[in-house]
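What follows is a set of structures for review.
Each of the two complexes below includes chain A, the first together with chain B, the second together with chain C.
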Partner chain A sequence: MKILVCGKRVPMTGGRIVLTEDEQAIETRHLGFTISPHEECGVEEAVRLVEQHGGESVVLTLGPPEAEEQLRDQMALGVDRAIHLVTGGEEWDPQATAAAIVDAIRADEAASGPFDLVVFGNESADSGGYQVGIRVAHALGRPAVTGLKGVAVEDGRVRCEQEVAGGRDVYVVPLPAVVTVKEGLNLPRYPSVPGRMRAKQKPVAATTPDRPQARLRLVRLAVPAGQGKQAEVLGRGPEAAPAVVEVLRGIGVVA
Partner chain B sequence: MSTVPRDARAVVIGCGIVGNSLAYHLAREGWRDLVLIDKGPLPNPGGSTGHASNFIFLVDHSKEMTQLTLESTRQYEELGVFTECGGIEVARTEERLEELRRRMASAKAWGVEPVSLVTPAEIKELVPYIDESILLGGFHTPGVGVVDSLRAGTLMREWAVESGALQVSANTEVTGIDVEGGRVRRVHTSRGTVEAETVVIACGVWSPVLARMAGAFVPLTPAVHQMIDVGPVPRFEQSSKAIEYPIVRDMDVFMYERQDGTSLEIGSYAHRTILHDPEEIPSIEEAASSPTELPFTQADFDPQMQDALDLMPEIVGDESVGVKYAINGLISLTPDGMPLLGETPEVKGLWSAAAVWVKEGPGVGKSLAEWMVHGESHIDLHSSDISRFHAHQQTRAHVRARTTEAFPKTYGIIHPAEQWASDRNLRLSPMHARHEALGAVFYEAAGWERPQWFESNAPLVEQYGVEAREAEWDARWWSPIVNAEHLAMRDNAGLFDLSAFAIFDVQGAGALDALQRSVLAQVDVAVGRVIYTPVLSPGGGFRSDLTIMRLAEDRFRVVTGGAHGMADRKLFSDNLPADGSASLVDVTTAWTTIGLWGPRARDILGSVTSDDVSHDGFPFAACRTLELGSQLVLASRISYVGDLGWELYVPIEQGARLWDVLWEAGQPHGLTACGIGVYGTTGRLEKCYRAYGAELESEYTVVEAGMARPTVKEQDFVGKDAHLRHRDEEPAALLCTLTIDDHTSASGVKRYPLGREPITLPDGSPLTDAKGRRSYATSAGAAPSVGKHVLMAYLPPEQAVVGERLAVEYMCERYPVTVEVVGATPLFDPENARIRAADPVPA
Partner chain C sequence: MILVLVEHEGGATTELTSQALAFGRSLAGDEPVDCVACIAPSQEIATDELGPGTLHLAEHDAYASLAPDAVAATVAGVVERTGARAVVAPGSDTGNDVLARVAARLDQPLASNCVAATAGEPARVTRTRWGGSLLEEAELDGAPLLLTVQPHAVAADVAGAPVAGVERFTPVLADADLAVRVADRVEAAGSGIALADANVVVSGGRGVGSTEGFAIIEELAGLLGAAVGCSRAVTMAGWRPHTDQVGQTGTKIAPELYIPCGISGATQHMAGCKGAKRILAIVDDAEAPILAGADYAVIGDLHEIVPAISAELRKARGS
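Presenting the complex of A and B:
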């Protein structure tokens, strides 16, 4: 199998989000960077599928030169190589992003054969457009299934499980296909040290796509009220135990 | 929202290990109405304590650090939060193995036992997942352990609260610190204002910001220390406790590895120096994890992974073991690597308890509490005293320069005489150009560039037949020229640049009383007399030693060493009368000092002045202004090198002229430019002169140092009661001068100890006095005129006997030594005939 996973470099938030003075971006001075949890599950799935079926996994990002860090992070987990569509750091809208990815997929497929599966996160962690995966599938004329919590490949088809109220919808589509996945699909692994070291040597094919005229304009960002760390003191000392048990029951850790 | 109390005996800011511990020990010392505040939540407010690796290695080459660490370990054990696991510092190189032998000596000198050097095979037995084939050996300390510093802090804080002495206010941000009349008055917080005349900044990496609110300096910088956590490690899955295997410090690659439950924690000091601005640390709300756990920068850690993999391939090379956690943790670094403790010199009542790591936290808490309550701590903290810094050393640029230089040496092999390379050439004496022309090799003291020796004197080495040192370590930061300059001075005369002296004038109607209160010796001497005196701590130990010239009835000039000058300035300033009848003026940079000593000194000085410099006209311990041509020179007939001569003081802009005049006049007399190698080591040691910070520390008494005078002055002075008591007691140790009988090592190389090595019985058994103090070489160096290598050491009375045969342990070998002198009698010229010479001394 040949699988492509796409991910986007985003700030690793955890505390209160601070905006730059011009309200055009998130202040990232104190922040690290990552890809979204959805995309992390996509990477894990790709690595597992290649472990099961053999083949090659490729990770792709469209982002600034610094995004190579995220590509290496994914390769440390077992992805074989990377495609970096290098931008000047400006935000690309979903249409432009999809177009650049489609071009890159076509170029790669021309050189080394078609991707059986192209995997996206259900939506990016920052702009949350929910569009790129579908746009890419449409442009390539391949079936797309979104919001997946289960993916299995057998006999040239991919079995897709979509979480819906009260259960799961299951779709089986032929390969090649495009899927967008959600956190919870699997439990992503941690990188091993040898994996990290191998990742430093793995190839990153970098190209600089032309950015088409932007059709969306960012007016300004706003931080929603109530956002940030919210801690509730459940109690002090042993007296807090019953409340903690309640919470654990609530999240299903304790029956 | 709750508010802080309106008044407090003391406010401690910061609930890390230091603040909690300090509040606890202040309560133990009997202080009440204490307030402890932190801007973060409890029990982990988000400072460096919260992410510390929490392990404690016991042995440091610094006695002060080792004592603080041992005291901390004792407290952690008492609190039940210490897990002993042992620790091994491993060597990949021969150079490191030698350094570990030096560690053995420090362990014995400071009384850390047991310790041992272990072979690669023995390391493998202790740490089965290590690849011992890349190691040459290790230094094993079974008493190494890990602590729960957050728990320790919580226990101490809660004890103080339960005792009724302490109120705690978490989630409380300090917004301002008021200072009135030079004294701290109150602290403004997000939960109200608290009046207090004592405020302690125990805020770790934030301390500089808090200090600046009060106009004070806490010169530290936050710096990154990278740590990763890998797991789960199959071998650790059966562990019954958090740590079962010894912690490994992989010294040559600046890393450590320790078990932490089912994980292996890998820490590094090998990456580039990454400094942060204390003002720029993210707030608790903004921080993704905690404010002091910054995002990991993988690229900085990349080169270290191979080193970790090489040492522990079984774990680090295991594909199933993942990197679960990785941070750039913030730690505090200071310009000289030591903590920042004590009352700030800028603001009375404002104390610093900063740049303290977990391994010394509770020891610092206790020591600082003692200092605050009793005026001194049982551990001598002079190397950590925040008042030690000169103005330039408090600047951000200096702090950044020195910490940038020091960080890569965190696990480095630091020679005791090693010099800083960064931020040099800041304080240049007026003779600097002359010194450069003479090929001076400059060492730094208090920012001053001081000639240590002069390369132009190289021909003297052959002339005097001075032997080179064979071992590179012994010869590093040393030159045989030092000994040659020394011998030339003893033969003829030497000229010294002493610009680094710190000089204060204490003047006014109350000056005499203020000085009497400050020092041991009688200050009420005739105008024109100069005295040498120790300065005592309240407990009768040494706080300093210095000279005082009486220039007028109401004017005194205090001259002290540059390194300790700022602490002395604070000490004397603190003793000034409240009524303003005396003042202290720092004239350090108004005056420069040139030393002229040797048997021909009088001839030389006499040739350039028409004033009377004869023995009768200018006796020993006199000071007087002389006319040297158009220069008025304050001359003081004393000597720290034990020879006839003078300290000569002129306005700093005239220093070069004075040097030229003396230099020219000295040529017919064989005058030699001499460096501080002679002044501070060889000249001093063969005269058995004590140095503050070496022989003289607060844990030793005047009697033990052999410096008690026949009588004690009538006037009251700091430490008098204790000193009188010491005079009636049998001393537990006596300061002795020893010489090495045989320098030859097992491999046939002659070795020369550099100081701080253990003095033992001939069989290697350590010597411990009745107060539990080990005997060690307080100083070591050549005594060229005696032809010996000299050590000074406090010995128990049984060994403090002239002729007693003992040993010094150096690099794990013992060298025989003999006690030459008990007490202060000089080894060279015991009658002091030279200093007091009435007539020319025969060369």
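Presenting the complex of A and C:
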């Protein structure tokens, strides 16, 4: 099997989001970076599927030069190679992102054969557009199943499980296909030291696509109001228990 | 005309659809608001709140097995026939999925999870990022404008009226539109209280320390008739299953009372409990960000505090 996983570099914001002065971005000077947990599960699934069925796994990101860090992180988990669509650091809207990913997939498939499975996060961690995977699937004419917590490949088909109220819906679609996945699909492994060493040597194919005119354009970011309450401290240590029960009574959750 | 995608369950429109309708009506101004709904031949839906516009009611076997591409093809067809200026859908999993498919078909931009929108050239939207921890004001092109509505961000306007008319039709669907559909349903074995619907949730974070550490969390939850939740630090450590995780990439909860224990209050965790009416945090760090999002707090070691609260609850019940 040949499998592609797409992931987006995002900052690891902690307890509070701080914006740059021009309100165009999150202030990231003191932050680390990662990809969405959904996408991390996608990477783990791709590595497992290749361990199971043989083949090759590839990761792709569209992002600034620094996003190579995330590609190496994913290759440390066992992914074979990476495709880096290098940007100037500005965010691309979902339509433009999808178009660039489609071009990259077509180029890679022309050179080294079709991807059986292309894996996306259900939604990106930062912009949460819920659409890049679906747009790519449509452009490639492949079925897309979204929000998956279970993926299994057998006999040229992929069995997909979606969590819904009261159970799981099962979809079965032929390969090649596109899936978007959610955290909980699996428990991703931690990178090993040899894995990290090997990742340094693995190939990253970098290209610089042209950015089309955005059709969903950021004007400014804003931190939602009204979160700035400060808790009333009921006490310190176990001595606070009676005060807690008093509050629970007041709220009506204890008779 | 502005077209609203109706999602329904057991013949009734969903709560998130009512919110999308309210959003669509305020975006429309004086323009008419029509609805589109997809039902299997065995289904019916109530139409007395979907007006005063027209309901475009598509009937097909395929909808019984969800078939998101079939729904998207149907919506795109109604757009083409009516020249709708905008399509608004609920920001549910299925609403976001279907509208993304409509956007791909029509090659138009889509603004998902909006909390506000104003018509114009270009339209202006405010949408959520980071699961609701951040807002983005943006300009949106598109003919039609495509938007989904962030759940529980706008009031579900009750000012609906009976529909002016129902236009029933059977869409012509391509084979490709039927490729993705539900083939089977596996019922959950799950016992216990569903996290998403629980009235009280007690969660543990990294501060709980281990799988066994959750015994005191479960004990307190049991006494309160609460569901047990956790932070991502806990699921990553393998102490609890991901189905217990509260947050941006876990379950979104909306209980009357939320009790996070040993949780620092990262924005991605808070994104999952914004819907909680009240939050009582138990944490040993008086500077933890969770205190800025909580109503009440007890500062100290949860391994002492949580059992003390359980004991106090037992005492109060006289057992």
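Worth a mention:
Basically, the second predicted complex is superposed on the first by the 224 of 255 C-alpha atoms of A that agree within 3 Å, B and C clash if a C-alpha of one lies under 4 Å from a C-alpha of the other, contacts with A are read in each partner's own complex, and residues count from 1 in each chain.
The rule is short, and it goes like this: contacts are C-beta pairs under 8 Å (C-beta built on N, C-alpha and C of every residue); 3 or more make two chains touch, one makes a residue touch a chain.
Because the structure is predicted, anything quoted here is derived from the model rather than measured.
When the two complexes are superposed, the chain touching more residues of chain A, out of chain B and chain C, is C. Contacts of A:H30 after superposition: chain B is touched, whereas chain C is not reached. Within the superposed three-chain model, A:M75 lies out of touch with both chain B and chain C [touch as defined at top]. Looking at the shared chain after the overlay, A:V18 reaches chain B, while chain C stays out of its contact range. Residue contacts after overlaying the shared chain place A:P94 against chain C, while chain B stays out of touching range.
Legend: residue contacts after superposition of the two complexes on their common chain; A:V245 is shown touching chain C, with no touch to chain B. After overlaying the two complexes on the shared chain, residue contacts for A:P224 are found with chain C alone; chain B is out of touch. Of the two partner chains, chain B is the only one that A:G195 touches; chain C does not reach it.
The interface of chain A with chain B overlaps its interface with chain C at residues 13-16, 228-229, 231. Chain contact summary for the complex, chain B toward chain A: residues 41, 230, 280, 282-289, 294-296, 298-299, 302, 305-306, 308-309, 316-324.
Residues 66, 68-69, 93, 96-97, 100-101, 103-105, 107-113, 122, 124, 128-142, 148, 176, 179-188, 199-200, 224, 232, 235-236, 238, 241-243, 245, 248-250, 256-257, 264-268, 270, 278-281, 286, 288-301, 304-305, 307-309, 311-313, 316 of chain C are the ones touching chain A in the complex. Residue ranges on chain A touching chain C, taken from their complex, read 13-17, 26, 36-38, 93-95, 123, 125-131, 134-135, 137-139, 141, 143-147, 161, 166-174, 182-184, 187, 215-224, 227-242, 244-245, 247-248, 251-254. Of all residues in chain A, those touching chain B in their complex are 12-16, 18, 29-33, 69, 72-73, 189-197, 200, 228-229, 231.
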